[in-house]
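Some structures are shown below for you to check.
After this come two complexes, each holding subunit A, first together with subunit B and then together with subunit C.
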Partner chain A sequence: MATPASNTPTSTVSISAGGRSVGRLLLQSGTVVALILLIVFFFAMRPDVFLTFTNVRNILYQVSILAIIAGAQTVVMVVGDFDLSVGATSALAGAVTGALLIGGVPIPMAIIVGLIVGLLIGVANGLLIAYLRLSAFVATLATMTSVIGLAYLVTEGTTLFNFPAEFNNLGQGRFLEIPLPVYFAIVISVVLWLVLRFTTAGRRWYATGGNAEVSRLSGVNVKRARFIAFSVAGLVSAIGGILLAARLGSASAVQGEDNMMFSVAAVFLGMTVVRSGVANLGGTMVGVAIIGVMSNGLNILGVNAYVQQVLTGLIIIAAVTLSSLKTRER
Partner chain B sequence: MTAGVPLLEAHDIVKRFEGQYALRGARLELRAGEVHALLGENGAGKSTLIKVLTGIYEADSGEIRRDGQPVVFDNVREANRAGVVALYQELSTIPSLTVAENILLGAQMPRRGGFVQWRELRARAREILAGINQRIPLGMLAGDLSPVQQTMVAFARALALDASVLILDEPTASLTDTEIEELFKVVRTLRDRGVGILYVSHRLEEVFELCDRLTVMRNGETIVTKDVADSHIDEVISLMVGRDAGEMYPDRGDGGGDVVLSVHALEGRRVQGVDLEVRAGEVLGIGGLAGSGRSELLRLIAGAQKRRGGEVLVGGEALRPGVGAVLDAGVALVPEERRSQGVIVGASILDNIAVPNLSSASRFGWVNTTAIAEIARRGMADLKIKARSPRQHVGELSGGNQQKVVLAKMLARRPRVLLMDEPTRGIDVGTKAEIYRLIRRLASEGTAVIAVSSELPELIGMSDRIVIMHEGRVSGEVDAAHADDELLLSYCYGKSE
Partner chain C sequence: MRTRFKALAALAAVAALTLAGCSSPSGEPAPGGEPAGGDEPFKVVAFTSGNQTPIGAWWVKAMDAKAKELGWDMTMIQGDFDFQKMNPAVESAIGQGADVVVDGYTDFASIGSIVTAAKDAGIPMFAIDSGTEPSDAFVLNITTDQQGIVDQTLGAFDKALGGLAGKTVMVIGHDPHAGIRLRASLAEKALKAAGAEIANGEIQKVESPATGRTEALKLVADYLAAHPDGLDAIWVGWDDAALGAAQAVKEAGSHAVVSGVDATSEAIAGIQAGGAFLATIEQPWPSILDDLIKQIEAYRADGTLPSNNFEAVQANLVTKDNAASITPSDKLG
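Let's turn to the complex of A and B:
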């Protein structure tokens, strides 16, 4: 009973077999093949549009913010928790920065305050979960609720706009034909990947997520590890939220609500990519790509946005089912 | 002993994983009314055979017969329905349910129209427990039971399933001597009722006390099946190992260096005012009944549990609290529960060994992956860890090799004091001997070793000096060379010198 990690030999055979073997193919070769199949499918449906430079750029642009927030979620899920407040945190950070900009505060200052707000929410989550031992679900559900409330207070329930052009340029400008948020997303992902893989902090996160008691008895300060993970997630979510405000040129309390669910979905999808089944940044990016390609492709095919939402949920179920089948196989 | 057709037979069972043989023609015959020991080193194929017998694995070839009829169990439920029930090492009760519910879980639960019939449930549970002479409050949550009570509940559940073949995998691993006696009584009761019991254990003394016949496996094959009465313990060991048993325990050292670690008036939840000293090069064994505070003592020293009073000095300096600080002072703990405290089962050998060594193999927070790989490579070579590669997941290793991974990750820190809680629990004979030799080698290199064990022969064999605990206090101390079971037991029960 082989572990279904190897993806090459069987997949090429079964593609030609077609039909029934698609399920087995997905099972054996994992989520990456699902992504490729999606791309092939949409390309086959609309070869004139889907893989053009403009559209690929669109996809990257659309997923850049989600990629950042999913990166934040990955860090927390590596320690074995999850964070429901990433979307709310990003909205509040964007709203605070936006409100300060409208009030005439210089751009760097407004951004720094927005980042600090995000960091503080992360710190609060970390304190509640690591030191006061609340469950991550309860703690982040509560902070999410309050943070959305705060965002409504900051925006006074409206949508803030009329930001300085230099600020909006961060989200809308391009360098070498590619929108700036794409670069930000890439830089943040690479940094997070390096941190997770090559720093003592990252390795301690993985150890804690693997087994907190074993880690504690091996001298890892488990509480601090979890605390830092949530703090980082708050900060990174804020980066995503501020960029989103710049991209849209506006800020509201409900901005990027989808990002929370989609970020969890992306990490779950990513967990199915590796054999060990733990959260990992490369996998998360595959998950982000699946969500982005789905959404873009369905748009091109003219599928209604609500249907898209339904399909996204189904994809998550499919992915998690696949990964549980994988583990059962072992 | 009932004559006639055996209850359960396995013929020429072959099972491969990824092309490697786990079983190559294993045979087994279990008769009604016998306790049959299944013996072998870790990796000999015992667990795989049990899993084939209970429908967890499908055999590649071979035949299983139940009452003489060929059968194929597709899953555990089918095996249970045919009266074949296995109780595993990890106690199989549900902590959040009551005793009665645990006993009659699932299809056995009396119900009417979707509602549980509580009165009938309690009556039947009581009846089953009475059948094995147990009086456990039916309304208690299984999570609040002692290990032996949990085992009894698991037994009762097997009886509720009308098991006529009962497979016990290391049932005594977490029990004390008195509890083991109680367990044996129940096993004998069941045997006398005609149940066939397959008994898997690493504790040969138990096998010779309890079992009627034994089957020895080695390298996935059945080596021999014979009556226990015609067997001798040394002979069985050499059959398991495939060579002469030799000396299980290495010679003692002189054990007379300077005092490395001293404990003064240590207080914990159970531990009360314990004073202790251990010298460089000395192996100090700590014994006592379960609940005597022997494990807690180690955990208090290691900083894994908060001290309520007293102090621990290492090289004359007081230890600061917390595992990290204690580790940095050169005191490392190999904990009791391997899978929940010792190793991250889902991570690779490399990653496991890395965890306590991150600080030493990093600069400015960046991990030196080459250094970590080297630490892991050296640990694996030094301790002869059998694995395909450092990247293999620890969950796929045998118990003995998992224990070696725990040792490797801690030894890489070159501790001055090594604390070991049940260093050989659930480990095969061959690896046990290896670990005793390792402990002795570390001592000869100047490490002070404190090892807790619930097995008296082990305590005597591996230690230079033995301290026995009773109800949180030290009840006796002896030179291991002059110790015997009787003396130690009397200390265990609190008789002071």
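Let's turn to the complex of A and C:
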């Protein structure tokens, strides 16, 4: 019986090419493979718990707000920037909505004002970055600082609560046993995906992120594209913040502040999913899923919170390294 | 050139306005570190890193009111948990002359350079809730009795659960806060001694107070997903995280009871609503501040220093029975 070693030189070449293609495939789909491996690992460790309906629903509920904010971050990262103020914007939008609700403003009006607040912060970021040419890092760091201050002013440093039950139901209610924020996250993600994939605006964002100068010379209004991307990010972050206030039944100035860091991490993780290595919504959702599965799985295994933080950082480093390897390969 | 000059002038104007806005309402302290005497104003340097917490914000206002009432020349420095910013500012104020330094809610472990500056200048430091054990850093630090807090909250569990032996209790703490760290470890010890089982075998740590509620919610939700009905009680070191734990209990349909510490309005409302939130702790900060002020005034009068450098005051258990009569900690002022 012939062994692979006794094959002809031609077949040896084909094995080598096959090995390279397997390596490439692993590199290409490393993040998705990582997600699958995490699921398999946690399922193997706790088969009685991990993939039960209750726990899967639990994971989806926990990542729903992050998914929305990571969607906002994806839009900005598609145009080649990033937004440090998404967490602060969401906190302020939630706080404004909460303060208005406590003041007796009808729920739809309070939500609309909260959304407008988020949109205005996005508009301010867009103006500073697209038209005044500030770096996204400096501009969004500055707006983040001011927005946190505004949130403290709105909440007077306390936690706002006692919202109407109908409002809290937006974050705590269920439809077909699935929490409503999960549906909101799915709808917003699908809308953002459609915009990025099938609209002129989406293509302009990708073109701007790919090479702003070439895009400009090709007739793309780069400034407007970046301005709109930041405005959309502000608005979508506000949706996340309002839903978080409804989910917790309260609002504070620093609520959900870790969403900024995790949203950037999710987008970076997602960038490794596609061959081009650019931000994309599907990839971001894979990134969000990795973060959610990691956190839930490690909690179920009773792993210390500090160890969890170390592991999360390592996963992000691994993903970014993978992404840079892919870029080099291109 | 003209544009540059205008920009410079505008920058100078903004800087001047900012500095004016940041300066102490009671005026700039005079130089020198001599004790107050005669008609000289009593100079106080007060600081807190926790001014963005409800209790810290109350303390800033309360100290300002006391300073005005007593005719102190007080400089209040608010640190926003940023010791790199706060410590040099306090040291600078001490260098400009003060009779006493007052620390509000800032653990002595974080202010070593301030302690040294005050000692070098021969100025006594008084403190409120700035450490959970006696320290030479202060001539007096008044805080609450952490063991008493644990005894009372676990007593409430004991009563509600018909004993603690054999019960599974999750303990949620936050290490960077000295008070929470101590009381969480005391709770863990007391629960083990009472025969209870600690969920996950150790104290569950929340990493950031800012996200304490969502972190606690996740911890409890994940635990209950893995162990349906696997918790009898959740002991949490502060109310905000306890509220997250209580929400997770409600969402999971668990029967577990939850306790917190702080007596915030939201926690009190939760207790009154009769859900999972069983009890919290009221720490009597206004009366503690009054006691501290008395001691400072005694020093001001004739240089008398407190006989002990540490006092731990008994806190009060808040349950459904007395919740209506409690002033929430976030409504103190």
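Note that the second predicted complex is superposed on the first by the 299 of 330 C-alpha atoms of A that agree within 3 Å, B and C clash if a C-alpha of one lies under 4 Å from a C-alpha of the other, contacts with A are read in each partner's own complex, and residues count from 1 in each chain.
FYI, contacts are C-beta pairs under 8 Å (C-beta built on N, C-alpha and C of every residue); 3 or more make two chains touch, one makes a residue touch a chain.
It should be emphasised that the depicted structure is a prediction, and the values quoted were computed from it without experimental measurement.
*Asks:* Is this a clash or a fit when subunit B and subunit C both end up on subunit A?
*Replies:* Result for subunit B and subunit C: fit.
*Asks:* Once the shared chain is lined up, is A:218 touching subunit B (first), subunit C (second), both, or neither of them?
*Replies:* In the superposed model, A:218 contacts subunit B only, not subunit C.
*Asks:* Given the touch rule stated above, what does A:203 touch, subunit B (first), subunit C (second), both, or neither?
*Replies:* first
*Asks:* For A:173 in the superposed arrangement: first (subunit B), second (subunit C), both or neither?
*Replies:* The answer is neither, since A:173 touches no partner chain.
*Asks:* Applying the document's definition of touching, compare subunit B and subunit C: which contacts more of subunit A?
*Replies:* For subunit A, the partner with the higher number of touched residues is C.
*Asks:* Let me test your reading of the model: by the given contact rule, A:162 touches which partner, first (subunit B), second (subunit C), both or neither?
*Replies:* Touch status of A:162: second partner only.
*Asks:* On the A-aligned overlay, A:277 touches which partner chain: subunit B = first, subunit C = second, or both, or neither?
*Replies:* A:277: touches subunit B, not subunit C.
*Asks:* Identify the partner contact of A:248: answer first if only subunit B is touched, second if only subunit C is, both if each is, neither if none is.
*Replies:* A:248 contacts subunit C only, not subunit B.
*Asks:* Between subunit B and subunit C, what is the shortest CA distance in the superposition, whole Å?
*Replies:* Between subunit B and subunit C, the minimum C-alpha distance equals 22 Å.
*Asks:* Report, in rising order, the residues of subunit A that make contact with subunit B in one complex and with subunit C in the other.
*Replies:* Touching subunit B and subunit C on subunit A: no residues.
*Asks:* Show me the residue ranges of subunit B that touch subunit A in the complex, using the header's touch definition.
*Replies:* Subunit B residues touching subunit A: 17-18, 302, 304, 322-324, 326-328, 333, 335, 340-347, 351, 354-356, 358-359, 362, 365-367, 369, 393, 409-410.
*Asks:* Give every residue of subunit A touching subunit B within the complex, in rising order.
*Replies:* That would be residues 1-2, 198-201, 203-204, 206-207, 210-211, 213-221, 276-278 of subunit A.
*Asks:* Please output the residues of subunit A touching subunit C within their complex, sorted ascending.
*Replies:* Within the complex, subunit A contacts subunit C at residues 46, 49, 52, 54-55, 58, 61-62, 152, 156-159, 161-162, 172, 248-250, 252-258, 295-296, 299-300, 302, 304-306, 309.
*Asks:* Give the list of subunit C residues in touch with subunit A in this complex.
*Replies:* For subunit C paired with subunit A, touching residues are 52-54, 57, 200-202, 204-208, 210-211, 213-215, 217-219, 221-223, 225-226, 228, 240, 243-244, 247, 251, 264-266, 269, 330.
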